[in-house]
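Below: one structure in structure tokens.
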Amino acid sequence: MTALTLHPDRLFPADPASRDAARTLYKSIAGLPIVSPHGHTNPAWFADNEPFPDPASLFIVPDHYVFRMLYSQGVPMEELGVPRIDGGPLEMDKRKIWRRFAENIHLLRGTPSRMWLDHAFHEVLGIEERLSAANADKIYDHIAERLERPEFRPRALYERFNIEVMATTESPLDDLRHHRKIKASGWKGRVVTAYRPDPVVDPDYPNFVGNLAELGRITGKDTKSWTGYLDALFERRRYFIENGGCTSTDHGHPTAFTADLSKTGAEALFARVSKGNASAEDAELFRGQMLTEMARMSLEDGLTMQIHPGAWRSYNPTVKRAFGEAKGDDIPMRTDYVHALKPLLDRFGNERRLTIILFTLDETSYSRELAPLAGHFPALKLGPSWWFHDSPEGMRRFREQVTETAGFYNTVGFNDDTRAFLSIPARHDVARRIDCGFLGRLVAEHRLDKDEALEVAQDLAYRLVKAAYKL
Amino acid sequence: MTALTLHPDRLFPADPASRDAARTLYKSIAGLPIVSPHGHTNPAWFADNEPFPDPASLFIVPDHYVFRMLYSQGVPMEELGVPRIDGGPLEMDKRKIWRRFAENIHLLRGTPSRMWLDHAFHEVLGIEERLSAANADKIYDHIAERLERPEFRPRALYERFNIEVMATTESPLDDLRHHRKIKASGWKGRVVTAYRPDPVVDPDYPNFVGNLAELGRITGKDTKSWTGYLDALFERRRYFIENGGCTSTDHGHPTAFTADLSKTGAEALFARVSKGNASAEDAELFRGQMLTEMARMSLEDGLTMQIHPGAWRSYNPTVKRAFGEAKGDDIPMRTDYVHALKPLLDRFGNERRLTIILFTLDETSYSRELAPLAGHFPALKLGPSWWFHDSPEGMRRFREQVTETAGFYNTVGFNDDTRAFLSIPARHDVARRIDCGFLGRLVAEHRLDKDEALEVAQDLAYRLVKAAYKL
Amino acid sequence: MTALTLHPDRLFPADPASRDAARTLYKSIAGLPIVSPHGHTNPAWFADNEPFPDPASLFIVPDHYVFRMLYSQGVPMEELGVPRIDGGPLEMDKRKIWRRFAENIHLLRGTPSRMWLDHAFHEVLGIEERLSAANADKIYDHIAERLERPEFRPRALYERFNIEVMATTESPLDDLRHHRKIKASGWKGRVVTAYRPDPVVDPDYPNFVGNLAELGRITGKDTKSWTGYLDALFERRRYFIENGGCTSTDHGHPTAFTADLSKTGAEALFARVSKGNASAEDAELFRGQMLTEMARMSLEDGLTMQIHPGAWRSYNPTVKRAFGEAKGDDIPMRTDYVHALKPLLDRFGNERRLTIILFTLDETSYSRELAPLAGHFPALKLGPSWWFHDSPEGMRRFREQVTETAGFYNTVGFNDDTRAFLSIPARHDVARRIDCGFLGRLVAEHRLDKDEALEVAQDLAYRLVKAAYKL
């Protein structure tokens, strides 16, 4: 058996001066509550407060970070229990899935998944041995036993994690029943929703035309007309604010393209796409126009806007056919922001009352495009390093490439952006450590005074996110 | 009150071995004179030697690095005294502007502007407290008092800064009266001009057609014909060499595109653009052709050529309308060099007597394109990290990504490229410290012997710039 | 005289904790045999085992890394003895060439070439003084004397270098006479070939049509028909496996573009290109189709596939005309993988029995495209940092940008990819040191346990390369 340990200095720079400064900074913020302004946890967990399932169903089956790495090395997804949508056979024995994972855990060396898992195992579940093929069953039993205890139910963990507020993400077609149930329950946890309109603003979204009809049904608006459609979208925003504590929207487009058409032009475009026969150009133009419309609505209702562009979703058709979407085959693409955002920025970039948070999967845009844009436009802020780049090296590159041009105050703290609830403390801890390590290096290199670094550390861990997301 | 201090080890790597080596290297070059081969200071300062104005007009109003950061956080430019070109109201109370800045100085944490300001405050102006809202008035008074003293006039500061030579940048339409006045005055300072022909070679430049006419008037050439136009440009180069000590040209094109048309093709193109009705394609083609023409002239008269491509100037139309150009809204774009420069390089790339210095705002080109090109073509050298990347992290990335393929000797030392005269010592000091830090790391990692590092440090701080710019 | 020394800690991180861990890791793998799965040494060396020529012909004339740097600084290639193909005059005095090089050796400071040379000088040739203009003749004589000794002949050096296996690269038109001679000789050294079909699959390759005819002649297949052509290519693969111990193919296309045409479409395309009148589009499409055909064949015969895209070969027409190809003027281009590889990946990306190793000259693709692709597709692995990026900083960036998303196990160890045989130990040593430095930092930052790092170090230096290349 090998001990599983989390070193108190982990992730701090290795040189003594930076590490020493990082340690001091981290100490001052380690106890701050978690503010999680964007993520994909399931609100039903907190509404129903049922126990989490078995270890494999909790840590492996739903985590595309984990099963993609095993798949890339030749382990069939079926053998990891990833559900097939085509009715093909599947490993149903959770313990076998767990063993398969444990045998291959070396594949995760050096990845953030490994850090998140180790943290959840050790800090959340009290495991003191490093997982391996040899102790797979023992650890499976340990976790399974814990998950049955009341203190491992969702609400108890939420409280233990010291979460101040956490956002989920829902479609405008969602009735927010879980959020309403949480609110009605009297539980003190704050679980808010975010408004993600992709299903009703992206003509390439599955069942787009049906979604428009459903949007009309639930709002009582005529979503066959451009103005009725816009009214319906705005109405759902209001519903999300009132029933889900919503403070933000989120937009997951393939590119950052925006448009600002005349009303006539927009109406004509809507007439085409709403019938379901959008060309690829129409679809892109419509998505772009809708970002501008959403910004306009944000000026009215105050929702902070998030743009998450640049992923080619379901790149692998074989996997998509067999397993569906989000199965580890979403691949980043080169993403232009300067040309793409111009129509939106020409119209709304100078609005001080608007907050648009930009994310990127293309790190080349950090220093070239995003930092210069955010360092100028009042409406723009930069989201933290995202997805594949939500990792120690990725976070370091973000700060190193962004800070000198955009400063700290055009960034918005950390997003965990996860559906893996048990990894949330780990993820925020990594972000805090890396930020303190970056600040610690600035202090050690005499580029920032220690009193200022202490203030910035608070800002990055707590204040900026609350301000940007109005939480 | 918090003390304002500049640590003697600032900007050196934090690990003891690299820092120790960096310290030794820096010590050997810290006293070298400043050679400033490219910048935008006002030659009138040195011709007339009048006192600088009040603190706000010196440090805030003209510095787009500074006011952009406050603007991005919601401070209106009007309240920072940035002049409106549309006659709108403006804060005229300099002290109020200064206070507004002092209240927001935390926004500059971690940016090079903050370092430059701290250096100028402490080293040039003798301020010993960190600027804050609380001491804004006191520091304002301190600076204002200093600026009235004779030893803070431009020529005295030039001498105190130990500047050996400094280049300004002028349009071919400039009569160089200030440079002539400096020369005639008998003052020993060496302020030379650089020839920046954008106003007469870029069809998209404001009043391009009028500029051509003016060029004809001052040279007595027929700038309506292609050959007359070329003669006029060459004649002004001669004028700049003789009257302004000019040793270089500078070209600020949106892209790095070059062309090498036949004489007939160039004449036909000139016929179109010189009448003011250039299409976007014509304008780009003409700019590209003019880079090749300028290289041809450089082979004749020996002027070193600088290409500064890749900025989308005045990206924000609202700001441009109200405040004009260069107001912090110039945004870098992805820039191709490999295809763009081929026509120019096919024609002149192998010329040993020609020096073309390339700059980039797109850091992705460092290791992929610029270093391989400069590591092959005798005519090419790489300019230092530029604009947003003229910063500790940016300079470090430049050396890390360029050196292994282009070596040190295809680079040309440092450019401060600034209009902020009081920041010039700070900027050169940052460059020297970062270069010594990089060299110090090479020494500590046993990748370069110490005696060689000492020689390279001299080269980077002094020798290479003098050779490349013939200064 | 200055001593030439190789510090035992060279290339390790400078901070004490990382360095200490790196030292331990390196110690555990420093003695492992060299596995060189891809390179360009001349098999005739090992077949004939003749002495290497004089120092200049060994180290300068054939090394475009070296002479490009001198050329970029104005030293004519003729004076470095680089053979002209146009019959122009050439320096023939090898000692003069050597002196010219020695005078300019400072140009290589900070480059990998300098490290490789120092290592070969010191470790292989026993030189104890740093080369300079002053001792050029003495060192020339020293090397010349050594090269005449039997222990400096190719086979003796191969054995002394502790090479377990080394691949060369040949065209399908090669008869592998040298490999057959080596095999027949009974010598224990293992020199295998790799199948590089560019001359017969790239319509832009010099003499493509003639090459097809030759391919037909040596295989007895009808290479005028699409199926005969494919049969001939497959037949040569078999020949390479049987006669040259071949385990891999290699493809040096200008882009990563792939295609998956119908049989009819492919036949029609082949009909056009095989007659020698391919348009640029046809040529690109054909190269793309052939990558897919090669992958199909690899599924049959098990050859590992390498794709080396993104170089603009012979960018400088003046140099190409005078000196021919591969003269230091190959320039990397921006390279897209996500769109380019999709046809190939759609067809074969999920094949567990196939190994496609991707390389890049565009480092921006590491974190954005290559790591996400390799972290998902079973058929993909990432080759090490390549060509200009086969350097300490380049290797560090590779690990830092790739590991968190692709892990260690989707990479394949090191390639020296060189024709400079005496530099092979140096290059593998640099890679091992940088990898141990990276792992050492992970250990020092408590991101990887030491026992795991020790295992990964073995994997990166030895196990992964043997598995990926089936060696």
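Order as written gives the chain letters A, B and C; numbering starts at 1 within each chain.
The rule is short, and it goes like this: a residue touches a chain if its C-beta (ideal position, glycine included) is under 8 Å from a C-beta of that chain, and two chains touch if they have at least 3 such contacts.
Because the structure is a prediction, the values reported are computed rather than measured.
Chemist: Chain A-chain C contact: same residues or different, taking over half shared as same?
Modeler: Different-residue interface.
Chemist: Using only Cα atoms, superpose chain B on chain C and state the rotation angle in degrees, rounded to the nearest 5.
Modeler: 120
Chemist: What whole-number Å value describes the gap between the mean CA coordinates of chain A and chain C?
Modeler: 40
Chemist: Among the residues of chain C, pick out those that touch two or more other chains and give their numbers.
Modeler: 13-16, 364
Chemist: For chain A, which residues count as touching chain C in their complex?
Modeler: Touch list, chain A to chain C: 2, 6-7, 9-16, 68-69, 71-74, 106-112, 115, 130, 312, 315-319, 328-334, 361-364, 388-389, 391-394.
Chemist: Looking at the complex, which residues from chain A come into contact with chain B?
Modeler: On the chain A side, the touching residues are 13, 15-18, 336, 338-339, 342, 345-346, 349-350, 352, 364, 367-369, 371-378, 380, 400-401, 403-410, 441-442, 444-449, 451-452, 455-456.
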